[in-house]
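The same chain A turns up in both complexes below, where it pairs with chain B and then with chain C.
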Partner chain A sequence: MIAKLLKLQPNKSLTSEEAKRAPLAIEGLSVSYHHKPVVWDLSFVAPEKGLVAVVGPNGAGKSTFIKAALGLIPKLSGEITVYGKPVDQQRKLIGYVPQRGSVDWDFPASALDVVTMGLYGKVGWLRPIRKSHKQEALSYLDKVGMADFADRQIGQLSGGQQQRVFLARALAQDALLYFMDEPFVGVDAATERAIINVLKKLKDQGKTVICVHHDLQSAPDYFDHALILNVRPVASGPMAETFTSENLQRAYGGRLAPSELSGLVAMASE
Partner chain B sequence: MLHDLFEILSFQSGYNTNVVLLGSGLLGTAGGVVGVFSLLRKRALISDAISHATLPGITLGFLVALALTGTGKSLPFLMIGSTLSGILGVLLVQWIKDNTRLPEDSAIGTVLSSFFGLGVVLMSYIQNLKSGSQAGLESYLLGSTASMLQSEAEMIAFSALAITILAILFMKEFGLVCFDPEYAASRGWAVSKIDLLMMALLLAVVVIGLKTVGLILIIALVIIPPVAARFWTDRLGLMVSISAFTGGLSCYLGAALSALTPDLPSGATIVLTATSIFTLSLLFAPKRGIVAVALRQLSFRLKITRRRALLSLDKGPASLTLLPSLLLRREGVINSSGELTSQGKKVVSLMAHDQALWNQYLSDYPEEAFAQNKWSLVMITDVLSFDLIKELENSISGQNLSAGQNLVSGPLKDIS
Partner chain C sequence: MDLPLADFLQIDFPALLVACLAGLCCGLPGNFLVLRKQSLIGDAMSHVVLPGIVVGYLLSGTLDTIPMLLGALGAALISALLIELIRRLGNVEPGAAMGVVFTSMFALGVLILEQTGASGVHLDVEHALYGNLESTLWFGLNNWSDILSTDAFEQMPGSIRRLGLVTLAVFFVIVIFFKELKLSTFDPAMATSLGFNAKYISIGLIIVTATSAVAAFDAVGSILVIAMFICPAATARMWTDRLSSQLLLSAVFALLSGSLGYLVAAFGPFLLGADYALNAAGMIAVIACVLQGISMVFAPNHGTFGRFLKQRKAMQLPTSV
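And then the complex of A and B:
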């Protein structure tokens, strides 16, 4: 078992062929907040396509990991490449769905306005937004079942609808690699279905989604790979191999009851 | 008096006054446009730090000009001085925020008062000099368009126009960074550069506005127009336009009022004009104004009261409280002794049927019903399609057949 765990964190160099092809390759990433390490020596290579759940207890550094991978917060050490090149050169290939609570929803913008922001890169500096851009944005709102709400001020939407607007904005970029920060938190059933549909489509199109996920119960259903984190990486790989009771126990410690553990592992190995 | 005001407002009182009015109007427009973005970036108070931080710069600029040119009131020197010390103030706020545990508002308060204190000391030093030209310096505190030179007014007009055009050109980028800076960074936008440009435009508005509005009140120029505009619209583009208009109008009217009464500092008349527009917006804006909100609340209460009263009458004779019985009597549903009229019976059964359909909708399509914000507030036939209502009716009668007894069977029989 120990040998297997060690094998899950191999000392892959970012110059290897696998790392160059990988949508995301991370070597020795460490991040701290206020003199406290939050992510410690994380190495991870994302699968070439598929849905990766990033799971771990509260304060395990899941969101920090995503933000550091995106280059949004400074890192203490580590190398990050996206398809073999530094993140900054590959921004066009990356889509990001931040946590819903990260913005002011009273902002004077409609659902369509927010989705149009996903096209700003295409529009370019100082260029005005044209009707065709609005049309395109509307088609992405339609993909998450929100076309009827295009003109609604974003604060007038329910939490799940706001989440779908964020999702549509990320889709509008037409990226290859998506980062999502807890998209399922506090959403209604319709939104949950809409997000799952989008995830499936992205997977079918051969894209990679790296998604912070809170709910261990649903993780094996929705995702096919997992990265289990607790400040340090605990395990990563295909869901069935990764969601073992040893790994979850190591990440969550006493926070999971034994009965919960066995149930989760049974779900993952199905 | 009114005649004089009209003459001033219609640009009939001399070239100098006209240029001052135009410059003030453009300054207000620039403040309104730039203010929207500092408000949305949650940076409204930083403009107060900037403006107060300019005072030491103004006084030092005066002293340098006095030493070099013999007269202190040289606008370029004063502007360079105020710009530099404004920048220093902002940097200091940023430094305190980054390097201590103080929150931004405490940092702003500390920097603002310290710089202002220093400026006041330097100013009283200048007042005691025997140079003779120090008289105009205090106009930078509360603003004075009366003492403004034509060349100053022209410079203000051109700079304000340039600031406005720049801010509108960058509206898309500014909006993106104000709404979601982290997302903007993830897409590779130069967030810190965009932020810097927003800050530079804010600083520019403050510096060119010192003479007109004065450093104590200039914060009003970048806060009041955008918050007034927010009452009228939910769209960024419109908010920028309304805020620009509000700011421009306030400065134009305020400067005209000040020209009429030269003893009043123009800063005060401008701010009070802006405040009037703000108060009107607060009260009477169509959707977010206080009156509109209160009316909406009242109409909601009346609708609910009426519906609940009709539904309770459907279950048999009910004793209604004062408000619903008044409502229904006026409508002719009940007569003066509280009994249902023949027309009232129809209304009651129609309402019961409507409620039954809404209830069925809620159980058959819970999510759609939840998203439908008119649920049980209007007649269902006004909102849902005919086919869907037919389906709901079938589903109700289907339940009646299987369950035999059902709460909604009564009104349905009445209808059929």
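And then the complex of A and C:
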């Protein structure tokens, strides 16, 4: 167990001291679905002020990893701490951008309504939403260039605009640690730029973003750390050290052609 | 047709009140059921409560609210467990599991009812389906001013008191937990990640649904309970894209179908020269359905014809071709 950990993270051994400070520390996380392992024996320490890409082939358990880390689905085993405490005690420090397809966009709510939901954690149980909350939510919509669409019913927005609404909602959570599940999927160029800007700003503010990312080409550009997994963890660490052809080959098996691999690795080491 | 005020106040007014209250207490939580795509739960609850109510009645020997409510909640809980069990063990999809459980629970209720002799006293199968809206009588009302008198309050039928209390409770629960219900209905994962455990909120909503179903079931029967859980909310959704407006509109539609349905059932045939009345619960459900139909066609954004008109206007085409 320890040996495996050391092998996966050659630069850091998971000391309790380090886990205490880390935005996210996971040890030995396993999740199964209908007796089928989806994430197996995953240990991972997220860096402070880091943009972490979670990559792996389809069915590698990327979304499951995020949901389990957030405590949304039951885990078989494993220890998860956020800034040294269990997730349940740190909810106010965590922001979450789920997959766009996970909600019903026909829901009777405006873009502003959805962004306001990001403030609910701060507002707390039973307290009503006030004008000042709506004002605050509007400022977050403005940050992703969506202020003009505040009153639009969410189903009337394009896919990219919907993603930006989700992003604004995450910003409204004003968290230290963000989980994002495939925010770049199916978005237009403007939204892609908006997301990248937001990611950079979050990093500059000293925040940590853990982001499921399906596109290997852009991963080295957008992120500075990577967690590669395929049910079992393959590698994690700074992008240049992690995005090696050996690691990618191990995660993706024969699904990547050698030429593709060398191209990706060259990008990562730049 | 001559209708003395006292007759109206003693016979029709209480029935109208029951119809409206039942509409409100089922219609309001119905909004969240419909948005969660769990409309079937309202349906399931209204069937499932029958064996619970019968067993509650048999064990306690009275038609008091508390034993019936406990029995019904027990039945609802057992059904929820059974649905989960069938889903897991049989690998059956949730809708089918629900269908299996609630029809068998209802059938079980009918069997117990028929076998134990509980039927005929107050509960029988016909009641279970249509309720006893027409037999809700409020003696002691001779004038409008009597409604406020203590005497009338003492003579208030149990079903009105029961429904009134439950409706009030449901109303406050929804107002107080509006934010939490909205979030957990739209995005349960997000709700949980923010510390509003979606599973607990969901269980809470089912308890509210079961309570409404029990309170309304006895008075208006399962047909109307199902209609009122779904129709007002689905109709209201056609007219607005705001959740708070939808809740308000669903209340309006519930009241409208309740009062209109009862009046048409009670007086419609008279006006046409016939000397009988129609079943009120059935007519209310029909009116609710008609309102839904009208909305599906004419509502500005979601209705077929309404949308057509709007598009035409947007394209600046003359309306008369």
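By definition in this document, the second predicted complex is superposed on the first by the 257 of 270 C-alpha atoms of A that agree within 3 Å, B and C clash if a C-alpha of one lies under 4 Å from a C-alpha of the other, contacts with A are read in each partner's own complex, and residues count from 1 in each chain.
In the analysis below, a residue touches a chain if its C-beta (ideal position, glycine included) is under 8 Å from a C-beta of that chain, and two chains touch if they have at least 3 such contacts.
The structure displayed is predicted, hence computed values, not measured ones.
Colleague: Taking chain A as the common reference, can chain B and chain C both be placed on it without clashing, or not? Answer clash or fit.
Modeller: Result for chain B and chain C: clash.
Colleague: Please indicate which partner A:74 is in contact with in the superposed arrangement: first for chain B, second for chain C, both, or neither.
Modeller: neither
Colleague: Which partner chains sit in contact with A:128 here, chain B, chain C, both or neither? Use first/second/both/neither.
Modeller: In the superposed model, A:128 contacts both chain B and chain C.
Colleague: Go through the superposed model and pick first if A:190 touches only chain B, second if only chain C, both, or neither.
Modeller: It touches chain B, and chain C stays clear.
Colleague: Just to be sure I read the superposition right, which of the two partners does A:158 touch: chain B = first, chain C = second, or both, or neither?
Modeller: Only chain B; A:158 stays clear of chain C.
Colleague: Running through the overlay: 78-86, 366-374 or 384-392 are the candidate stretches of chain B; which one clashes with chain C?
Modeller: Between chain B and chain C, the clashing stretch is 78-86.
Colleague: Residues on chain A in contact with chain B in one complex and with chain C in the other?
Modeller: Correct list for chain A: 67, 70-72, 88, 91-92, 94, 96, 98, 102-104, 107-110, 113-114, 117, 120-121, 123, 125-129, 153, 169, 173.
Colleague: Using the touch definition up top, name the residues of chain C that touch chain A in the complex.
Modeller: 35, 37, 176-180, 182-183, 185-187, 189-190, 192-196, 237, 240-243, 245-246
Colleague: Once bound in the complex, which stretches of chain A touch chain C?
Modeller: So the residues of chain A touching chain C come out as 67, 70-72, 88, 91-92, 94, 96, 98, 102-104, 107-110, 113-114, 117, 120-121, 123, 125-129, 153, 169, 173.
Colleague: If you look only at chain B, which of its residues touch chain A in the complex?
Modeller: For this pair, the touching residues of chain B are 40, 42, 169-170, 172-173, 175-176, 178-180, 182-183, 185-189, 230, 233-236, 238-239, 367, 370-371.
Colleague: In the complex, go through chain A and note every residue touching chain B.
Modeller: 67, 70-72, 88, 91-92, 94, 96, 98, 102-104, 107-110, 113-114, 117, 120-121, 123, 125-129, 153, 158, 161, 169, 173, 179, 188-190
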